[in-house]
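This is the structure I have questions about; it appears just below.
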Amino acid sequence: MSTTDTPTLVDQPPAAQGFETMTYREALRLAMREEMVRDERVFVMGEEVGVFDGAYKVTAGLLAQFGPDRVRDTPISEEGFVGAGVGAAMLGERPIVEIMTINFLLVAIDQVVNHAAKIGAMFGGEARCPLVIRTPNGAGNQLTAQHSQSFEGWFAATPGLKVLAPATPADAKGLLKAAIRDDDPVLVVENLAIYKERGEVPLDPEYVTPIGLAAVAREGRDVTLVAHSYATVRALHVAERLERDHGISAEVVDLRSLRPLDVETVAESVSKTGRAVCIEEGWPSYGVTAEIAARIQHACFDDLDAPVERVGMAEVPMPYAKELENAALPNEDRIEAAVLSTLGRGQ
Amino acid sequence: MSTTDTPTLVDQPPAAQGFETMTYREALRLAMREEMVRDERVFVMGEEVGVFDGAYKVTAGLLAQFGPDRVRDTPISEEGFVGAGVGAAMLGERPIVEIMTINFLLVAIDQVVNHAAKIGAMFGGEARCPLVIRTPNGAGNQLTAQHSQSFEGWFAATPGLKVLAPATPADAKGLLKAAIRDDDPVLVVENLAIYKERGEVPLDPEYVTPIGLAAVAREGRDVTLVAHSYATVRALHVAERLERDHGISAEVVDLRSLRPLDVETVAESVSKTGRAVCIEEGWPSYGVTAEIAARIQHACFDDLDAPVERVGMAEVPMPYAKELENAALPNEDRIEAAVLSTLGRGQ
Amino acid sequence: MAIATSTLRELYEQMLLIRVFETEAERQYKAARIGGYCHLSSGQEAATVGAMHALDDADLLVTGYRCHGFALARGVPADEVMAELFGRVGGCAHGRGGSMHLMDVSRGYYGGWGIVAGQLPIATGLALGLVRQGRSQAVLCELGDGAINMGAWHESLNLAAVWQLPVVFLIMNNEYGMGTSVERASAVTQLYRRAAAYDLPAERIDGDDLIAVAQAAATMLAAAREERRAGVLELVTYRHRGHSVADAGLAYRTRGEIDEHLAHDPIFRVRGLLAEEGVSDADLDAMLASVEAQVEASVQAALDSPPPAVGTLATGMYAPGSASQFARMLPGAPFGERELVFAGGLGE
Amino acid sequence: MAIATSTLRELYEQMLLIRVFETEAERQYKAARIGGYCHLSSGQEAATVGAMHALDDADLLVTGYRCHGFALARGVPADEVMAELFGRVGGCAHGRGGSMHLMDVSRGYYGGWGIVAGQLPIATGLALGLVRQGRSQAVLCELGDGAINMGAWHESLNLAAVWQLPVVFLIMNNEYGMGTSVERASAVTQLYRRAAAYDLPAERIDGDDLIAVAQAAATMLAAAREERRAGVLELVTYRHRGHSVADAGLAYRTRGEIDEHLAHDPIFRVRGLLAEEGVSDADLDAMLASVEAQVEASVQAALDSPPPAVGTLATGMYAPGSASQFARMLPGAPFGERELVFAGGLGE
């Protein structure tokens, strides 16, 4: 694979207008394609991103459009190619590294946490690391213990990193573009089940979602559901059920960004509703919802009418059998039950 | 290094009586020596644990006493020898793997989280992993960004693991022995600054501290300080200062175990005092104190007179200069200020 | 090594069993009775069966996730393997592991692992355990051609060499890691040459030659058992189907390349050997029929086995006695933990 | 390669500077003006200076934590290196990095890293960056004999080879990783042999022979620049002092072994060469005197430089403009974040 000839900058296409309904997967692809056209420093690297069109087809077609220098298949060497992304970024390149699933990021976490996250501070700002790592988390396909995890909270715990977790196709485009344009290392957490979700996506190539801003995905009065990524999709479904079956008006806050974390938007909502249920795909103990609950109890101490509840994956290594997996997932029944109990309408 | 001849079981020495004042480091060494005498399946493995007598001298003298088969120096290959510990444990051996500092555990975290933690569940109990990993966390010696971290919360977040964090020499002995005798993978978190702390240690070789039991390290009425490892030492000093300088009676709860987490003891204390300040050596956001605060607000909702406060390392990669490091540490001044503010006596 | 006709018959039957089983597994996957990832080993039967033939009952086995064939060749009943793929309690992993995590401790099979190369350090540790226990067995550790580029390969081989551990690393070189050919992934394409970086004996042979595989594996395992000498055995074979059942397997290789390999199907080769030795076609066809019946029965057995009860969600996660350690963790626990985990067999 | 006497003088002065600097650093550490870990490179001067002589100004450098010598040989002023060890704003890393994390981006020195072998993937990435930018420079990546047993070595070398990246891996084989000899840590003790696992050119030479080092490094760096061919250069040298200032360095090696090496001090060897070329003793002594004056001055410069202000605690952590992204993170923030981090130069 020859990489000597660096491609010449492609002309900007005329800014497309309006919206188009597409999947979350397609929105991610659109974001990458637009940014690769806009900035030739941007390139994609990872296992099977090229010839195979992506293990989950997120990068499908990019190799054909941009060639092997900008869509680089790697050996199975996460530590090596994540680190290669760090080094290339230090030189001003803008790598987008795809990790097939977040479970495999553990073999490369040293490069992310002990290296990428430290560069800005260790170099006093003289060197930066504009690296993007994209990877899906989550369970739900009987992928079993080693392939059903969600570690984004560990990266959100690391000063020097930024962690984004879009829940809609529009944010998938807007946040991934924000990550690519950002000058710091950013982990963009996707989700296996969310790839097929559909929604309206702005076609404007300048559509970028600001980092550090949560969204009120649904307005409500009685309780606030706080979630990110696929848990937000679950929360919205539950909110509908609550309205329909119980006349409960639930507000849904979609965090969108875990570091920076928009506590203001969460606090505003909970101060209004007085009740909060935090939801995540991963294990809640020492997880993302722990931080959210800790922030809420601090910021909304006088406004809380009930303790903050948390729902996540049952705290076991995920077993294979469908019956067990279904029980372990933060499914809509479990979320609904948590909401009812925080409203004193428990079983 | 010949390892073919397995040593023959050494006779039990007559149970020693009484107490002896020793350092935390010596207590750890005593625990390992006692367990190696008691059970020949126990062996120590890690970088510089033998000929060098340990990077921090915790294993000093063990090679001379037990030989190279039971005190095994390793190449610099954390992923490899942690995994070797996992495999040996699956066969019924009882490895104690020393990781020089917790910062280096990141290159081996895949073996701990994706492998060791999964064995009991994946094998339905037919195979177990009685592995102990010992490693110090913490900052304070100008070790800078890559050597000043505390990741124990990430392991405590992992179902299938147990995580212990002794704060006294007595617990260093009792909990390390409990870890060695336990049939599950246990991470024992030590701390660089705590190694030299002195205290009374029971000499009885059967002295074992139960797993999952927090300790009230100091009784008090006005506020509860919740901590683990070296943060407990800080908390006890601050409690003295509060008593002396402000007439404030602070109770200190030493968690001792992070997974399982003894929420009952914490909740009892906070229900009594109505106020809590949680302290850790690491970064608090998405850290250990997040989980503690989340549990407290849930378990003590009606008894809390003020929001739960948290203190930890300032959320930056630790800089080298002493002046910056001192400011970033969860030092006694910052802890005291947090206590005063939660008591409404803040600046 | 001359292999008696009777033995060759057995090995042939094992190869047939694997092929028929994999074919049925794909059918059942498409019928949605099997979930998760499902990696078939059709085409790799000679490499699998030949290597397993050299493994003693007391030896230990560790593999990656492409493990149906290894489990069957190790003697795990087809019923139990199929039940595992169906996620039933009758499965060899009690329905908790699925296709990637087959295991059978009673047969020295320590899994079925899903993180590429993650099984290598563990196999090294099992070998260390054997040595510490003064046992004379060896560990056979399977990995793929793609796995060799992981750091775990390097650290494990160095440890095995420096510590003289009885472990043989079996590289199933099926020419691709997902859609990436060996040429695109590895700086040396003759993978066995990497053993030189550890001064370990290594061999690369035609993995579709059953007898050659059995001989090479026997030699290396003997050295591991008797001289505590680790080794590397590269078996050059081919994956007939896609990476997993979800992959058509055509985006990165040509139809012609596949047909080329199908024309030299390792199963035909062994059938040819048996024919030469006078085994009749009728006899050979009967073997196939009995294997097909066996696989058909395994589907029924799987269907007859119940799924695990939700109350067992946490079973095995922690050792017996752990429940009391966790008893004080209940207050403020996340929603559902009380019912699902604490009441779900945690450490009982 | 013939080295002009004038050049040899310069290199000799660099070697002297490193030796005198390290000796002073140890003194200052014991006087508690330097904290953290402090790893000295006394004894490794020929390897360091020889390799750096072959590195062009436009090339890039990455090292581990034993980096004082590399920084000095790269031309970072002794004042700035000493000030860094003292943790002062005048330090080459602004007092934020200390002994292990020296750096000077203006001189293409991308650090000073503390996780063993963690710098290898980064160096590989810098080389990838050079290629993508169509630049013709090379990256020199230092690592120790102990670091070669980390998985990151394997993955980095394979990537460098498969992708044809211009990076030279410089193994400073000083015979020990802390207290562990190469024999106890590595299955092959001639470390350069491991390059064969990637079909990369490699050489092992006497690292205390300044000219041989310069020649070998020049050849490999040229191949990297001109043919985009990565390479491995093993320099056999010796660490005169302990692993760090805290280690006496006698628990794992004999006094005799150390004396043996001291007798063949690389600095004496170069002094001998210069003498042969007619440089007078007076001249050589004068060089030493001027270097000593330079180091003495560096201590004063360090003392004269102020420590960083606490208000800069978060400086550089995030890129300019990030403060607004974090503005809404304040409510319920842990105690002290408001003053220390949010007001501490976060992304301004």
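To keep things simple, chains are lettered A, B, C and D as they appear, and every chain counts its residues starting from 1.
Everything that follows uses one rule, which is that a contact is a pair of C-beta atoms (placed from the backbone, for glycine too) under 8 Å apart; a residue touches a chain by one contact, two chains touch by 3 or more.
Just so we're clear, the structure is a prediction, and the values are computed from it rather than from any experiment.
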item: Chain pair with the higher count of C-beta pairs in contact (B-C, B-D); value: B-C
item: Maximum centroid distance from chain B, chain identifier (CA atoms); value: C
item: Whole-Å gap between the CA centroids of chain A and chain D; value: 38
item: Euclidean distance of C-alpha centroids - chain A vs chain B, Å; value: 32
item: In chain D, residues with contacts to at least two other chains; value: 93, 96-97, 101, 113, 115, 118, 149-152, 155, 158, 162, 184-186, 314, 317, 332-333, 341
item: Set of chain A residues in contact with two or more other chains; value: 1, 75, 77, 79-80, 103, 107, 110, 114, 121-122, 144-146, 159-160, 261, 285, 289, 294, 297-299, 307, 309-310, 315-317, 319
item: Residue ranges of chain B touching chain A (in the complex, touch as defined); value: 79, 103, 106-107, 109-110, 113-115, 117-118, 121-122, 144-146, 153-154, 156-160, 258-259, 261, 283, 285-291, 293-294, 297-299, 301, 304, 306-310, 315-317, 319
item: Chain A - residues contacting chain D, complex; value: 1, 3-6, 41, 43, 69, 74-75, 77, 79-93, 95, 110-111, 114-115, 120-128, 130, 159-160, 162, 182-184, 210-214, 257, 260-265, 267, 294-299
item: For the chain C and chain B complex, residues of the former touching the latter; value: 93-94, 96-97, 101, 103, 105, 110-111, 113, 115, 118, 120-134, 151-152, 155-156, 158-159, 162-164, 228, 314-322, 324-333
item: Contacting residues of chain B [partner chain D, same complex]; value: 1, 47-48, 51-53, 55, 73, 75-77, 79-80, 103-104, 107, 141-147, 277, 284-285, 289, 307, 309-312, 314-317, 319-324, 327-328, 334, 337-338, 341
item: Residue numbers on chain D that touch chain B, as the complex places them; value: 35-37, 84, 87-88, 93, 95-98, 100-101, 113-118, 146-147, 149-152, 177-180, 184-186, 251-252, 307-308, 310, 312-314, 317, 332-337, 340-341, 344
